[in-house]
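Structures follow.
Here chain A shows up in two complexes: once beside chain B, once beside chain C.
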Partner chain A sequence: MTSITSEPNSGTVRRVPDQTPPRRRSRVPKAPYAFVLPAVFLFVFSIAIPILYTAYLSLRTVKVEGLGLGPGARTEVWAGLENYAGTLTDRDFLSSVLRVLGYGLVVIPVMLGLALLFALLLDSVRVRARRFSRLVIFMPYAVPAVISSLLWGFLYLPAVSPFTYAADQVGVTLPQPMAPGLVLFGIANIAVWGGVGFNMIVLYTALRSIPTELYEAARIDGCSEVQIAWRIKVPIVIPSLIMTSVFGMITTLQVFAEPTVLRPLTNNISTSWSPLMMIYRDAFTRNDIYSASATSVVLAVATFVLSFGFLRLVQNRAFAQENR
Partner chain B sequence: MRRSLRGSLVTLAVSALLLSACGGSSDSDSASGDEAVKPGEKVELNFWSWAPEMDKTVEAWNDTHPDIHVTVNKQDGGDTAVTKLLTAIKAGSGAPDLMQAEYQALPTLVGSGALADIKDDIGDDVQGHFAEGVWSAVTLGTDAVYAVPQDSAPLMFFYRADVFEKYDIDVPTTWDEYAAAAKKIHDEDSKQFLGTFSSNDAGLFAGLTQQAGASWWGIDGDAWSVAIDSDASKKVASFWGGLVEDGVIDNTPMYTPAWNSALNKGTQVGWVSAVWAPGVLAGNAGDTAGKWKVAPLPQWNAGENVTGAWGGSSTAVTSQSKHKAAAAQFAAWLNTSAEGVKALATVSNVYPADQQNSAAALTESPEFFENQDDFYDVAASVAGTVNSFTYGPNTNVAYSAFNDAFGKAAQSKKASSFTEALATMQSQTVEDLKSNGFTVK
Partner chain C sequence: MSTATLPDRTTGTSGTARQRPSFVGTGLLVVGAVYCLVPVVWVFMASTKSSSELFSTFTYAPSGNLFSNISDLSSYRDGLFWRWMVNTALYAGVGAGLSTVVSAMAGYAMAKFRFPGRGVLFNVLLAGVLVPGVVLAVPQYLLFAKLGLTNTYWAVLLPSLISPYGIYLARIYVSAAVPDEVIEAARTDGAKDLRVFSSIVMPMMVPGLVTIFLFQFVAIWNNFMLPFVMLGDDKLFPVTVGLSGLLNQGSQQPAMYTLVITGALLSILPLLALFLLLQRFWQVDLAAGAVKS
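Let's look at the complex of A and B:
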């Protein structure tokens, strides 16, 4: 196309007053805009536009003519809220949501409980090898979820698991972590294993910022270490616990890597085990990005409502603690 | 600088938003013709393939065709390549010129406008190289030609010859004999199984029903028909369900670390699989080299000789290719010329679909089966006996429905739930077709 422009024409093009008249010195400083520009670009192109495009796709669908073979057999048309109706009435979707809520009820309390316990232990005066223990507890967090799921998958498969082998030697039958009723706990175990370290560090940091005068005063008043932990440390780190719970809830709703990696190893994880797996299946296995977009929007809204609802619910308590 | 960057980013964003709107029409422009090639200029073709050593196979072409250069881009496997191609087609760019496509993916790809009709770009003699059933898979029963068949994958029965000898069992020729052999082996050693029913491998199950005479989809005038829960499929489902219920075969999925170790340790002593099985066995069960043999698939009625297929793929030219004629020429060379077929068979270790040149190419048994001289004679004797089977425009939906429905059935270990799983697959597949606007009979 550009090659059409020949020499004489380029002269005429140049005469068109494309440039603005000589610049006036503007009184509004431009530098701040230049500084925020990269952030705005990143936000617009990597967050805002994809979200808007997803919302747009969720309102579209493909209609097929006849056999659906040959060019032009499929056309994209408006679907209105059809995809949303489909998602909200889909039994697979509803059961995946319920399953993930149950999973969250297992993962979040166990993960935060262990994280708090470890943080308190590390913070207590008598602990030894503090840095080493902290590192060891944190380490699983550095293992990518796909890798850790593969590792646990091997341990869960009775035919290759060293635990099953060892138990067989002494005549004990271990429960199967990928059996129908237990698979949820098997997946929860991987998430807890990987997540405790991160949450422990968050809580531990909060604990370290407590002024030690408080403990001295408590000890003078005759508090035991357990009482100090329960009556002083835990109430003070409650805002951090709330924050980690919100993170936990968000990651729970978005659980994907662990069940996806374990799925080929067992009959008991369906392709719609979690909402995100179902979105992936619809978009990439069933090639239906439209209903996958609608489900994504529903999941995003649900995540938003849940995390903000939770924050609202605990807001008073959180602020009460912070104001102390 | 900044202005031009901003300009291009805006264009990018706008075109991204408009893409979906003109997605339907983009197919028709690209079908209009090839970009002109100036004399002396080299045509560069990009080929997505997951066959092993395909880049070395293609070298033979590049050495003898200085004006058309093919670059192989290695893919993970059939399904992921299809997903990637469909995404590229939707995006309007990024698709390769050539693509290895499994037969069951062709209707989906054609329906999405991803493949070019290469009927006029390949010679008239190409069709003569292939069996009728294979050729109909690349034409989809229409006048167009959407791909050139690359490899075929007839189902056969692989078994541990030493175990059969030890227990004094004859190689089963019917499914009744297979069931009896499975029972005998499991009775002799409760840890040994003649096979497993895997809920992860819809392709194998489809092939088994194909042998029994099922064809899951059909074209009836301007409408699709779905017959996933036909009597033939039900017969196959309840047969395997019965074996699982009796506990004489395993119910855990294939291609897991547990399955690999079972093959290697000799607790899985048989495998109903396709002609490409030696490669998998060599990779997963290296310790058992030289102990396996192959036989034709057991039959439903004694004396018959029919089989199904599991996998098999073709070489297709995508609708985004700017050099369709050159790409089609390469596809025809790869799959029908003596040189191409030989390279496919010996370098990439696939079983070529071509019938004229493959016999010369396949003289020696795969290394893993060096104890069996007639490996390729057995393969050749069944290759022409594959029942015809029509794949549908939503094979992917049916296959993912299989994973979930048969996963539950295999876990429950009840023959009755196997036939129920078929009904679930049928209704989900029909529902999906209808909701997409297909006419379904």
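Let's look at the complex of A and C:
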């Protein structure tokens, strides 16, 4: 795959050494600024300003005079770090964070483990039904989380579940996936179902960029297919696994659609099941945008620190080339 | 771009490669495929059942009520469902289309020009990749509410137009697929920058643009929180938000469940078709980049 050599590799005219500022002002081209302008405008409008505005709101609060009735009774004042203190000591928030971390510890290894297994199987010449399986396993990616939660939600109902039905036939009682202690796994299953195929394709793409001569050499040395997979293929796709786990972590911390959709079908998902659900509740049910803002900032920072820290931890290998 | 598709490995037909099939491997792969089919096959079957059959007949047994379910759904509040479908096409189709153009322009500029601020810009965008999507929905709501833009099409469309990941991909595609010499040649022939971009660069990166479009299309189609937060008027809903609302009503009126299931089937059918049609365009180069280092 030659695609990553993104620097203009054979640039002839515009090649300016990276650190040197352009010597002649008049040579600074206007065209690139025109080309990036829409992106910059949209970035500022849809990402930067909302973040800054939320950061500002997170430092504000409403002061209520008397009964809070009449004009001027409610005034917005500076709150300092009060909202943050509130968020960080809120038991609902802490338990939603812990719950989502536990959820991530289930989803990410299972999803990536299965994705890796399927990618290795797709890449193995000895396995049949590969085209069909690749297509079918990737297909759930086309189904949005809301729809897949809805479908699984029905399949979890005892009256509909084919698993409960099959177990009943042989006289076994299955645990219910939406029971209090298990609902986390029920939601995890939906995320795994939706995510395996995409990650499989990521890893499969990576596997395909390995020159096949490497395997031939190993085969001649007497390696079995499993040994080749474990000793050669897996180490080579580790950078891809790192990337996919970062994206997995980001989506895990932001889980919202699945539990929100399942809520009408069970009593076991609270309005603060995940941090984002709690932000939604604070902002729209309790009308406390200030503490919702503080929680949003905490969650955004946590997402950023966690994913960036993880990348750093693995020595920034994934972005090393682009990030100069 | 050396590989625009994911071709099946042309097996070298040398003796070592032609090994006997592995039953365990094939079995595992097929089990995976069956797992992925469980809910999809179910929705096909369940949408043929009347609401009385839904919880009383065997899950995977089909019935004959598909068309009456569809007409029930179509007549629900004067065809609100179809309005949701049109909205979805608008949000995801128009949003992804415009987003692709914006990404292509920015990616082209960053790949082929050296200009002051390029490094900072790229790093800021990369940071945008790491803090994406849903965490922004509430901040965006707060700002848009201030501007009076909530509960309009713009509220969902505008935030969907920027895609840091799309820009990142576009930059990779341009540098890989468009040689500097071609741009130089066009420029020597007197083409202006905009013309170079629209007549030379864009056509050369079509496979990349399709990929970016598909990614952004799925991202918008999948973003539940943004429209859920931004929209109050159910005439503006995309189909995902609409169906989750119907499911909510289902806890009081179980007849709604049939509508929800039929709606779920009808909403994923176009996507599945598009997906099968364009599957050769899916490629995941961010990770390929990771391998390269």
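Methods note: the second predicted complex is superposed on the first by the 273 of 324 C-alpha atoms of A that agree within 3 Å, B and C clash if a C-alpha of one lies under 4 Å from a C-alpha of the other, contacts with A are read in each partner's own complex, and residues count from 1 in each chain.
To be clear about the criterion, a contact is a pair of C-beta atoms (placed from the backbone, for glycine too) under 8 Å apart; a residue touches a chain by one contact, two chains touch by 3 or more.
Values in this document were obtained by computation on a predicted structure and should not be read as measured data.
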| item | value |
| --- | --- |
| Touching partner for A:159 - first (chain B), second (chain C), both, neither | both |
| Touching partner for A:284 - first (chain B), second (chain C), both, neither | both |
| First (chain B), second (chain C), both or neither touched by A:264 | both |
| Contacts of A:60 with chain B and chain C, given as first, second, both or neither | first |
| First, second, both or neither for A:206, with chain B first and chain C second | second |
| Touched partner set for A:88, first chain B, second chain C, both or neither | neither |
| Superposed model, chain A: greater residue contact from chain B or chain C | C |
| Touching partner for A:74 - first (chain B), second (chain C), both, neither | first |
| Touched partner set for A:49, first chain B, second chain C, both or neither | both |
| Overlap of the chain B and chain C footprints on chain A, listed as residue numbers | 45, 49, 53, 57, 153-154, 157, 159-160, 264-265, 284, 289 |
| For the chain B and chain A complex, residues of the former touching the latter | 9, 13, 16-17, 20-21, 23-25, 27-28, 31, 79, 83, 86, 90, 107-108, 110-113, 140, 142, 144, 199-200, 219, 222-224, 251-253, 255-258, 261-262, 267, 319, 393-394, 396-397, 399-400, 403-404, 407-408, 410-411, 432, 435-439 |
| Residues on chain A engaged by chain B in the complex (per definition of touch) | 41, 45, 49, 53, 56-57, 60, 62-76, 86, 153-154, 157-160, 180, 264-272, 281, 284-287, 289 |
